[in-house]
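These are the structures, in structure tokens.
Look for chain A in each of the two complexes below; its partner is chain B in the first and chain C in the second.
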Partner chain A sequence: MQFLTRRWALLAAATALLAPGLTVPVIAQDEVSLTVWTDTPRQSMFEEYDRQHDNVSLDISVQGADIVQKIQLALRSGSGIPDVIFMADVSWGAQLKTRRTDYLLTLDDLVPQEVRDEFYPNSNSPCLLNGELVCLRNDMAHFIVWYDAPLMEELGVEVPTTWEEFEALGAELAPQGYILGSGVESYPLVNYLTSAGCEMALPDPEIADALHINLSTEACTKPAGMVDRMLANGSLSRLGTFEPDLINLAKERRIPLLIGPTWFGEYVIKPSYEVPAGRLAAATSLRWEDQEQPLAWSWGGGTYGGYQGTAHPEIVADILMWMSTDVGIQTDAITLPAHRPSSLAWGEKLKTDEYYANDDVFDIQVEAAQYSNPGYSSLRLLVDQAVAKIVGQALGSGGTIEGALPALEAELVNLAQLNGYQVISD
Partner chain B sequence: MATTARIFGNKRVGFGQWVIYALIGIAGLFYGTPLAWLFLAGTRSGSSLDSDPPFTFGSFEQMAQSWANLASFNDFQILNWALNSLIYSVGGVTLSLIACIPAGYALATSDFPGRRVILILTLVAMITPSQSIVLPIFLEMNLIGLNNTYLGLILATGFFPFGVYLAYIHFSDSPPKGVLDSARIDGCSRYQLFTHIALPLARPIVSLVAFFSFLANWSNYYLAVVLLSDDKIYNLPVGLTALVSGSGALTNLAATGMPIKKPEVILAAILVILPVLVVFLIAQRFVRSGMLSGAEKG
Partner chain C sequence: MTDQIEKPSTATVDAKRARLAARSSRRDTIAAYVFLTPYLILLAMFGIIPISYAFGLSFMDTITMEFWGLANYEFVFSDFRIPSSISNVLSYVGVWLAMTLLLVVALSLMLDNINRRSATIFRSIYFLPGAVTSSAVVVLWLFILDPSVSPFQPLLHLVGWEIRADVITGLTLPVVFAIMTYFSQSGGWIVVLGGSLSTVPSEVIEAARIDGANRFQLATRIKLPMIWRSVVLMGILCFAQGLQIFVEPQLMMLAGPQFAQNDWSLNQMVFQYAFLMGDFGASAALSVMLIGVSISIALIVIFATRFYKLD
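Presenting the complex of A and B:
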């Protein structure tokens, strides 16, 4: 038997020497070559996967924000299609899983349930398209409360736990020249508006390509009214989060508290708002008094996806899982990993980070993760842009957000229908 | 006397000239302000960009720091992109000169069947938005396997109808028809007429076509972003756009952990326009004289 095996091996070697074309499958079994399109921050992580896996060779290329268009072109030409991609924007998933652009690989049978269970609740909502898992979430970005602890103490005010208390705090501090962040920035605005469960293009869990759009309910008018009142009394600014004038207010310590995503502390408040070390603290997401628990929208959070036409779906799935769940690589991730075990390792450095006033910033981010809004999903329309357009027009002409809700609903319905969604308004 | 004034020594300047100087001053201010801001902003920190007045000068140390941050990205990959840009630009300029100058000469000096059609097609190609032919070019390059290669982009940018038109205008009256006729009587072939008479006298138009072709190639984004998908062969505009969008420096998704922020992006913008300024300063004499080519012809 051993002799026979050796003979086959010799025959294979002779064939390999005499007919180079026939050797390709033998080499392919040894090393699989895959193309990866990523953004710059994830490049080194893919390179690390390449280093750690001898049987896989990754051809990694950095792409810009036009990755969807480039994949559409590649699909059209039938060549140069990447096997694995990183999607920096959650909406790209929906754009890459359409009838005409059927790019994304369905991961239902490739990612075990126990792996999926290791992610924070709802963190993979942007990856569920019509019930199919088409990607894995890299990082969380849900809204929490950020505040300047010594300044709050100096002002003699408590950190709010409900939206009602948030509004009351704003009303108390506004006459003293303090604001609680931006009231016009689109993502925070979507967070306010969806905090009570407003149906602003929420996918139906049962019906494919169907969205719930109904902005006439109290779940929408209540938060809209709150923002209107806070804009009117000046406790929420009419400046955008990144506008220089608002940044200057922050530098002058005029923003004792704001609602921002988990990455705001490290990447906005610390470098741009220049809040000194030992002042910044976090609190969990706010809820309405009649809610049992908060409902927090997200601002960002990338996803990993694969090509449904790849020759190596198992390896592609392995890469996606490794990138999003490998504790070693995710420990050094830039933002809070969506994979819970990875995030626990990642969070250790926050606990000892002297920049923060308290050592519970990470614990609060973890606690708030369970409140992530399941409606934060990948859509072929951009809700935040619709909000920016309609609310911007309304406020610019002296109107209110509550008054603009019918126009916003009409805009969302139009966009949804244009993008092939069935709209459910009941 | 009321409409004149004495400036620059004894030279009298009329009211009309004052108006012209004023208009030049306003135009200079209007168009120079963004450039002045850009170069000053290159010396400022992110904090200064947010808080200080727009035309504040930062420091050369800050500029050096921004440069170091830019250089530290991926083992100075920006230098690689700049080199790629140079390759694409030199290749594109060479190819367009090889094609445009003889084509313009032939159209201006010869009467052959289809000449009028070619001239009209050249004008049509010149006014057609380049974006509208990007997709056909992509599919064509894909068909011949040149997508995502240096040669593919160089070949695509070698098509420069504006250069053909400029050369045609120039050769329509230069050299004068009499000179060409004399040379022909002396025994010059068509090829010799071009290489020995017309071309040596056409340095201004060659420079002008080369300048505009370089400008188009150096700042070529749209065609390059479609044809190139490997970051190792990106040109500067595509590479920097990928870098900027990945860094979140100009978007609201700033959580990237990269040292590429607004100051680095501004420095990168200066890096892109600097070679064009240098080339223009070097070539301005030729560009100016080339611009007057065919002026008498109208």
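Presenting the complex of A and C:
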């Protein structure tokens, strides 16, 4: 036994003697190697960065929707942590910047103000955590109005500009068998509910980690009542946006108009709803009659973030900026860039796209960008899932959304407190 | 040298025999351990070590690695979602266990009554869904429960269910999940119970038959009491497995975000703590409590029924 320990001690000593020899630096290389985790659509953009920058070599791997989980494990094990990530969901930012999950790099000193000013207003609000910039937004995803222009004409109806007109349009068309989209899909539902300024977990601009939650105001009950009435008369469907029955209705031209995010035209209405070319048009986001301007929620819009422990924060910041603001690369991006100059170049092709009935689809998306709700932010709790859970239970048991608002408020308050937020409910 | 050719005394023969017997029994023991080793290694690697690690972790702050006492447990108990998760899981386990115990036992006893070849064919058919991974089973069921694409559309329409949301609220989630797990798990248990039914001695069956027992009496009075250990084992394992329900509610969001159930079951909460909040301590605390419940119930059942006592 003693002999054994002595042998181990000798071995350890030998290793210690050899160790300095092992750490002799290999011939200094100019090339910086960084790890990138991305989704499939952004992969070629990262590859392009790699091609254009000789001093940087990117090790790019495509990841699924479990990036947060994988980073939790990587942080725990202390190895395999990526330097740059693309976050397909805005809530990932907040989940990756906590005491327990201290992943994201603060970009306050790394991204110049003039670069930040080139983004659409509020587009980077999901990247601001307590005033600290932790990521850069890739694309916009605010809700606008999508409609089938020839069908609307055929039906002899006008495109609404207010929610009151929207409800009236639904009531007029529902008896003829037409619907205005889904009334239960979480994100559109959150868009309806927040359209009048309802405080459904909105961060306080001054106080750190404080959320405004108050669902008893008219700003909440008014839109909730509208959705309830529209579900009752059938003008909003009880089916989700992607359920086969709703897709069939869309294919049968039973959806003359719906409220959808900016990417809906290209990625849902064209491929899934199979609306033929020359029919689809867009209009700006709706407002309430007593509102001066619309307030639009968003559905998606990814962000780029870096690792606070990276060996090369400047290069990481450069990659984040290049990915989100390089006009050349963003021109060919698949969704409306959040970076204004890039989006203008990107929008040129939309203007000549034969698919759309009008050539103003891009201009409308840009106009509506200013109505993007500043409360669309990155939170550690998932508001859309809380809405899905509570509204689902209420509608399932024959209740209404308006009737479920107190339960939803309780759920959000509980979730906020559990996740370490201070709740402001006045 | 001369000793060897002498006729050995009876005492030395006995000693030799005893030595041989001891040697062979020692050899048996060694062989048993050799066969057990791979299992023990795997059990240690994927069972005992992770559980001990989680047990330790549950008393720590996992960032500073300080001892936190019961802070993680307090956090879990103060989470407002835990009571509803417990009631969700218990109602699911109740439905699923009842379905499994009644239907699997009934099907196994009925299969034991038909001829061997058809029984084998049926058992294989029942076993087939079990060969599909549970995530695939969930997706399959999400289609079956959608009246617009379901092969059982007329049946669902008959009850007045027009859309998937109707079916899910109509059946309630515990029943939906119980159906999903029942169809993926029951086949395996039908095979196991079939195996234990085949150990029932044919002379006992013969004797009962001569005494005038009909098929029903044969099944309930003779066969069932003789395979009750397998039934209890099935109950324990299904209960422990049922407490861990995760895949079924987690994948509900595949039916659409409005169906998402991210905090429905206790294991989903374990997942949320670790991977959404990065709180591995709270996650470990809840896991430890879950395994504690499973082990205690198994021990109670085993000792109350004197499970390992030989007849």
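The criterion applied here is as follows: the second predicted complex is superposed on the first by the 397 of 426 C-alpha atoms of A that agree within 3 Å, B and C clash if a C-alpha of one lies under 4 Å from a C-alpha of the other, contacts with A are read in each partner's own complex, and residues count from 1 in each chain.
Here, contacts are C-beta pairs under 8 Å (C-beta built on N, C-alpha and C of every residue); 3 or more make two chains touch, one makes a residue touch a chain.
Here the structure is a predicted model, which means the values were calculated and not measured.
Looking at the overlay on chain A, is there a clash between chain B and chain C, or do the two fit?
Overlaying the two structures gives a clash between chain B and chain C.
Please work out whether A:Glu274 is in contact with chain B alone, chain C alone, both, or neither, and reply first, second, both or neither.
So A:Glu274 only meets chain B here.
On the A-aligned overlay, A:Pro244 touches which partner chain: chain B = first, chain C = second, or both, or neither?
In the superposition, A:Pro244 contacts both chain B and chain C.
Once chain A of both complexes is superposed, is A:Pro374 in touch with chain B (first), chain C (second), both, or neither?
In the superposition, A:Pro374 contacts neither chain B nor chain C.
Go through the superposed model and pick first if A:Ser61 touches only chain B, second if only chain C, both, or neither.
So A:Ser61 only meets chain B here.
A:Gly392 contacts which: chain B (first), chain C (second), both, neither?
After superposition on chain A, A:Gly392 lies in contact with chain C alone.
Is A:Tyr187 touching the first partner chain B, the second partner chain C, both, or neither of them?
both
Where does A:Ser79 make contact in the superposed view: on chain B (first), on chain C (second), on both, or on neither?
first
Which holds for A:Pro150: it touches chain B only (first), chain C only (second), both, or neither?
In the superposed model, A:Pro150 contacts neither chain B nor chain C.
Look at A:Arg100 in the shared chain and tell me whether it touches chain B only, chain C only, both, or neither; answer first, second, both or neither.
second
After superposition on chain A, which segment of chain B among 1-9, 55-63 or 109-117 overlaps with chain C?
With the two structures superposed, the offending stretch of chain B is 109-117.
Give me the intersection of chain A's contacts with chain B and its contacts with chain C, in residue numbers.
Residues common to the chain A contacts of chain C and of chain B are 76, 185, 187, 241-242, 244, 248, listed in rising order.
Quick one: which bits of chain B touch chain A in the complex? Just the residue numbers, please.
Of all residues in chain B, those touching chain A are 46-47, 49-51, 73-74, 135, 138-139, 142, 147-148, 225-226, 229-232, 238, 241-247, 252-258, 260-261.
What does chain A use to touch chain B in their complex?
That would be residues 37, 39-41, 43, 59, 61-66, 70, 73-74, 76-77, 79-80, 88, 141, 185, 187, 241-242, 244, 247-248, 251, 263, 266-268, 271-272, 274, 299-300, 334-335 of chain A.
In their complex, what parts of chain C are in touch with chain A?
Residue positions touching the partner: 62-63, 79-81, 146, 148-149, 163-165, 168-169, 255-263, 274-280.
Provide the residue numbers of chain A that touch chain C in the complex, in ascending order.
Within the complex, chain A contacts chain C at residues 68-69, 72, 75-76, 95, 98-101, 184-187, 189, 238-245, 248, 380, 382, 384-385, 388-389, 391-392, 395-397, 414, 418-419.
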